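Across the two complexes that follow, chain A remains constant while its partner is chain B and subsequently chain C.
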Partner chain A sequence: MIRIIFALINVLIALIIAPLFDGIERKIKARLQNRRGPPILQTIYDLGKLYRKENIFLGSRLHFITPIIVFSNIFIALLIIPTFIPVSIYFIGDIILLLYLLSSSSLFLVLGSISSRNPFAITGSNREIMLSIGSKLLLALSIGVIVWNKGSLLITRLFPLVPPLVPSSILSFIVFIIIAYIESMRLPFDIPEAEPEIAGGILIEYSGPNLALILHSIYLKRILFASLIINFLFYGSILFPGYLGILIYSIIFLALLFIVSIVFTVIEVFCGRYRIDHALKFIKNLSLLMGVIILLALYGY
Partner chain B sequence: MHSTVISKCKELIELLNRYGRVIEIHDGALLIEVDEYYLHELSELLHWKLNGYYTTSIGVDERPLNGSFGVYHAFVLDDYGYYVILYIKVSTGLLKTTSITPVIPGANWAEREIMDFLGIRFIDHPEPYRLILPFDWPDGIYPLRKDFPYNCKASVKDKIDEVVHGSTSTVKDVEELSSRYTLVPIGPYHPALHEPEYFELYVDGEKIIDARYKGFMVHRGMEKLAESRLTYNQIPFLAERICGICGFTHNTAYCQAVENAAGIDVPERALFIRSLLLELERIHSHLLWFGVAFHLLGFDTGFMITWRLREDIMNIAELLTGNRKTYGMNLIGGVRRDVKEENIEYIKRVLKNLENEFRDYMENIFSMNELVKRTKEIGILSKEDARKLCVLGPHARASGLKTDVRKYHPYAAYKYVDFRVPVRDEGDVLARLLVRYEEILESINIINQLLDNLPNTPLQAEYDGIPEKRLGVGVTEAPRGEDFHFVITGRDNKVYRWRPRAPSYNNLQSVPLMLRGEYLADAPIIIASIDPCFSCTDHVIVVDVRNGTRKRLSLNRILG
Partner chain C sequence: MIEGDIVFLPMIPLIIASIITVSFRGKISNYITSISSMISCALMLYVSYKVLILNQVIRSSIRIGPELPSIPLNFLSIRFLIDSLSGIFIFILGLVGFLASLYSISYMSRFYDKEHLGFYGFNYMVFLLSMYLTLTTRDLFWFIIFWEIMTLSSQFLVSFEKEKRRAVWAGYKYFTITKAGSEVLIIGILLLIIFYCGMNTDFLVLRYVMKPGKLLNNIIIALLFIGLAVKASLTPFHTWLPDAHPEAPSHVSALLSGVMIKVPIYMMFRLYYFFFRPSLLWGIIVSVMGIITVLIGAFYALIQEDSKRLLAYSSIENIGIIILGLGVSLSFLSINNISYNVLGAIALFASLYHVVNHAIYKSLLFMVAGSIYYRTGSRDLDVLGGLSKYMPLTALAAIIGILSITGIPPFNGFTSKWLLYSSTIGSGTPYVIMGILLLFTGGITIAVYIKFYTTIFTRPPKKPYTMEIKESPPTITLPLISLAILCILFGLFPIIPWYIIGDFIQRIYPLRSYIGIYPGLIIVPTISIAFPFLLLLVLASIIFPLLFAIYLGYRKSISITWASGILYKSSPMSVSSRSYYNVFRTIFSEVYSIGDTLYNIFILKTSSALRKLFEAIYYVIENPPYMIILFLLLILLNYIILWEGWYIID
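On to the complex of A and B.
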């Protein structure tokens, strides 16, 4: 029972922290581009305003309901992985559920977007599908290799990455970091929305609370992937006993999340947007590397 | 060498004399009154054989002067340094003349504009549809005729004809396309365009199958306004407002046209100041364009950097003119403010810093792999197509055409400075980026030369009225290409006819061609690569535009 409460607290913190981090990222980006930038709380203000707005029904029920599905998918996924407090709701095979939730969130986003029948949304969905087929497969494979090396389908047993110190685990962790970057919809991979090209693409027909839900789930997804990266590196190794220990752990975790987000932001500042074929080529090359890693893992390296 | 040029020009005049009487209306501009019968032959000679290019056509209602309409086709001969204008009289009874579009495809829009505004029909025009007037404009009312009062509000039609105007096809053609491919509308309002304009892209997945362009949505009736109620010295301030980015080049061209027509000699210091501001404006415009281009490529850091550099240029402009943009400096016969000696050092220092910083940034940016990948071999316009469509400025120079008004028809103070004209043969978006990059550096070089050699003369020419019924051509090299102004002087201190033709008018016609077969993701950067200035193109008439009803229909069909 206490585990469930702690996991819920985790997600509630993430709900606030995620837009806050986006605000900080915007500020960093602005400073790197010779701009003053919006206040750090801007993203929270934006979301707050969007949540309070009227929800517009465009005539398609699927379009109307998918943002909630997308959001709840990410919400549940966050319950499964340990974040600020190192507890989670776990059971055998939860890693499969996590992968399922992540891919179904993309799928529902695309479904909702397509059902608006806007040509820009269709183009954006087209791109999102192409991109996420590649990246979701790689995500599954890279986690799969780690699962194979660890010999467990329980997500908390996967953390931390070492021991065992095997090259295939390290390499697939690197692939995982790249996928985390792609999945968090950052430049040069924000092709499905690409504001100057297709005017927001998959997001174009959403407004008000529905748009807020989708944006919020994108921010949460960023936190989710960053948490996974941190867990792979440090899970359990910095936990002290007692409630004070948990507090210290939370603070360290937050600091690490912050570092990941800064690194990703700095990369983003120095990038232009890929065209979809360039992005696919990039993923293709990554898949070749992944193939080699799988072979390595099969032979026990 | 100079004598060979003169003998060449004599030969040219002799050659042209065979078709009609050649009059030199002023330095560097020839007018020939020709018979329609020779029009095709002569256009072919001027555009293709003599290596010139077609600039624009102007229609004039000359009934109060000589009882007929007039059509002027203007050609540029870079090799001879001449503007050649073919003048055709169109009788009021028949109201038709021969079209030159079959010989020079670039004449398409200009002739349709004359059809819209003066009601002169062009025989054999391949697409005799409306270009500028909206669907609901009543038939038989031609706004640029002298008997149409400038303050008249024509009552719009209730029923809208099923005529596609502005696009390059018939209705049937469009219907077939839109039934087979997804129509992606870019515009009239789209984040990639900063002005209302409409591109219709037919897309199969991510590939663009076909593209249509529809413009002229924000006409402002400048020509009519200028002819009807403004005086000579008021028009420079109207002309400057044709465009927010390259306004100064427009009023310089206008002033030159009137000065040429009236034979006014502008003092040298005024010419130097004009050149100085024109080059500042070019740097400003190119930096702004770089920012927009980077933004479209998703590279917002480059966007912010170039726009910060642009801030320095605006500070200099403020120091020189009192305005950061829209300088308001030109009058006929000179300029309104002097350059103070104590500012020269400051300007040079700022430009030196800007040059260094700009070079550094751009070298880093051009070494960015994904940016080069996004621009290389994208939106190619071959040299032949560029010639055919009469594209201008950096757009033409990136396709291997060596054309620059500053070099071949020197105006203002350009004959006193030494500079290079960057030309590239690739014809892709990257070439356009690089041409503009080099042009900025050249402009800084020109400004330094101008500041070093400022002569000491008055700022204003003394002149005694402007004679009527004179023709004048004023041409400048705007940041986007050749800016052509044509003036016929009138009585009561007013122009009889003023026709500005901004470079984007010609350049935009090449966009649908460049878009075909490209990726949808590249469409914004291809459209932007010509640095389209829609406000320059739309300057003609005030109408309450209700945009294409038919287009909305076809979109609805897709939406089901």
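On to the complex of A and C.
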């Protein structure tokens, strides 16, 4: 029971931290581009405002309801992985549930977005789904190799990465970082929304609380992938006994999340947007590399 | 009535009604067909209940000719056996057959004045009957006869709409390719007869006459496997399916996809688990075939522009998943190691679970496509669109079917796929690669069904419909809704499919006695969903309505779609189905070229080689001297076999 409460506390912290991180990222981006930038709390203000606005019904129930489903998918996915407090709700094979929750969220996002019948939304959804096939390929390959080397389907047993020091594991972890970057809809890969090009793409017909829920779930997804990266590197190695230890752990975890976020932001500033075919070609080349990594794993390296 | 004669119960309505129905046309014959098939399918469900729940093994036989000393006994009497394996498939047949027959009552009303429904009814019932007989017979000799009747009758159903050139051509293609496959099957059975069992091709005899570890065994297995694989549409031989399944009436497509392509799978289970022992070699071959089928099916489903053709390719993919499960279970059960064996049993569970699930959701989706065809008269994804407003029940059923087939938790597709993932990715053997590829195709399947749903239901149609469109009649929506409910039940309560398939798995491997070894999504001893997963579901089901309730409290304003400031026009602003995933198609064009190459090699080249072979045979037949030599050789061969004492009559 304690475990469930802690897992829920984890997600609640993430609910607040996620938009805060986005605010910080916006500030950093602005400073790097010699702009002043909005205040750090700006994203939280935005979300608060959006949550309080009226909801717009376009005549499609699917379009109206999907943001809730997307949000609850990401919410449940966050319960599975240990974040600030190193507890989670787990069972063998939860890594597969995690992958399916992620693809379920993108399925519903796209279904809802296309239901709005907006041409921009249809274009954006088309791109989103192609990108998600590609990242799903990479995700399956890299997580598969890591699971193969660790020999367990339990998420918490996959952390940390290192004890079997095998090249294939480390290489696929690097690929995993790239996927985390792709999945968090950052600049070379924000093709589905592409503000200047297709005016928000999949998000175009959403407004008010609907938009807030989708944006919130995107921020949560960023936290999710970043904490997976951190767990792969440091899980269990910085945990001290006692409640104080847990507190210290959470603070260190937060700091590490911050570092990941800064690194990703800095990369983002230096990138222009990919065209969808370039992005897919990039993913394809990366998956060919993953083929080589799988061969390495096959021979026990 | 003797206990075993329950086998004959489902046959009686079909046999009587199929004779009556030919003499009628139109409405009457359709009603006779539907109602008698429904009665018969309900009886099949009763038979499977007897076998699966009450754990009876039903044996029976029927004498069809006088006893003559010179003719082997099994030619003159058909022997039946329904055990826990055939029970599973009879359950599917009964379930899908019942709902499909209910569905056909209004669906076939489209064709009252166009086609001769008497012939359709006759073929439909012969098709059901032959599937039932194929699943119940315990003799390879009768199996192949019923198998051919099944092919023949379903071929007439495929080319049901006679004036459509495509339908006739698809039926022809289907018949020729599967007939070629069954020739291979016949050669395999002949080799069995010559070298092992004589004319006594009873399943129980086959199990004991086999001597393991011979090259001949593998040749026979290979021939039988290829013969079955053609009908099950494994990859190099799958090309008939996407042509044949769409052309049939939708409830027949549901039967073809949900049940008929499972009949060869039933035989594969018999072949590998009853006639021969599981072996690592065949495990690898079968699972590699399975994963190739999965990939090709998924990739080709992505680029289809016809709703039922898309579903047909998706059927190929799902057959691949089932075969993959079979292969994994074969190889893990052949290894002498307890943890691998448990994984193998789980893969077996996954495979059969997926058989049941696929029967449910694929027939649901075919019936959805049929419901749309019934109202709009079109299957073209470019013509259709915006139907969720007019057909809400169909749309709801379609959504549930899609969530099941893409494996969104907690629907049934997820549970069976999860079992397969845990036995492949969790095994730590090279089978991990297959699990990874399967995960990847999960992503493609999502793309496929997003295309399916959005083009049919949400995206506005290119041209407004000329006819009035409303929800389909209740006989069409009722099967849809009941299948959708089954999709949810089978996902949330794995104990239901365990009742159906558990007996067979326990017979192969006592999975249930390994308490606590495998606490996963499904707890093995109780076959219920694991507590943490249930907890997550409960949490999700709290969060979702909570958010929704908050939502309802919001001020809601109704608006229209924004189209850059101009009035919304559907035709220039919707995307054609061809341009969905166009970029993906060009980037991953290598996969498609591999698929086309396979088609070239296995279908075009093979068929031209076969043509040359048959031309040579005709040449021999037309020239008496060659014919006499061939005849003498055959007699000589026969004597050699007799002399060696292989020719056993029991």
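Everything below uses one rule, namely that the second predicted complex is superposed on the first by the 301 of 301 C-alpha atoms of A that agree within 3 Å, B and C clash if a C-alpha of one lies under 4 Å from a C-alpha of the other, contacts with A are read in each partner's own complex, and residues count from 1 in each chain.
Everything that follows uses one rule, which is that a contact is a pair of C-beta atoms (placed from the backbone, for glycine too) under 8 Å apart; a residue touches a chain by one contact, two chains touch by 3 or more.
These numbers were taken from a predicted model, which means no experiment stands behind them.
Residue contacts after overlaying the shared chain place A:Ile191 against chain B, while chain C stays out of touching range.
Applying the stated contact rule after C-alpha superposition, one finds that A:Leu280 touches chain C and leaves chain B untouched. Of the two partner chains placed by superposition, only chain B is touched by A:Val269; chain C is not.
Set side by side, chain B and chain C differ in how many residues of chain A they touch, and the one touching more is C. When both complexes are overlaid on chain A, the residue A:Arg35 reaches chain B alone and has no touch with chain C.
In the superposition on chain A, A:Asn10 contacts neither chain B nor chain C.
Shared-chain residue A:Thr66: touches no atom of chain B or chain C.
Of the two partner chains placed around the shared chain by superposition, chain C is the only one that A:Leu99 touches, whereas chain B remains out of contact. In the superposed model, A:Thr43 makes contact with neither chain B nor chain C. When the shared chain is aligned, no partner comes close enough to touch A:Thr83: not chain B, not chain C. Common to the chain B-facing and chain C-facing surfaces of chain A are residues 117-119, 122-123, 126, 276-277. Those residues of chain A lying in contact with chain C across their complex are 4, 54-60, 62, 65, 68-69, 71-72, 75-76, 79-80, 89-94, 96-97, 99-101, 103-104, 106-107, 110-111, 114-119, 122-123, 125-126, 129-130, 132-133, 136-137, 139-141, 144-145, 147-148, 151-153, 204-205, 208-209, 213, 276-277, 280-281, 284, 294, 297-298.
Of all the residues in chain B, the ones that touch chain A in their complex are 182-185, 190-192, 203, 205-206, 294-305, 308, 368, 370-371, 373-374, 519-524, 555, 558-560. Listing the residues of chain A that touch chain B in their complex gives 29, 32-35, 117-120, 122-123, 126-127, 187-188, 190-191, 194-200, 269-278.
Interface residues of chain C, counted against chain A in their complex, comprise 386, 388-389, 399, 406-409, 414, 418, 421-422, 425-426, 428, 430, 432-433, 435-437, 439-440, 442-444, 446-447, 450, 453-454, 458-460, 518-521, 530-533, 535-536, 539-540, 543-544, 547-548, 551, 554-563, 568, 570, 573-575, 579-581, 583-584, 586-588.
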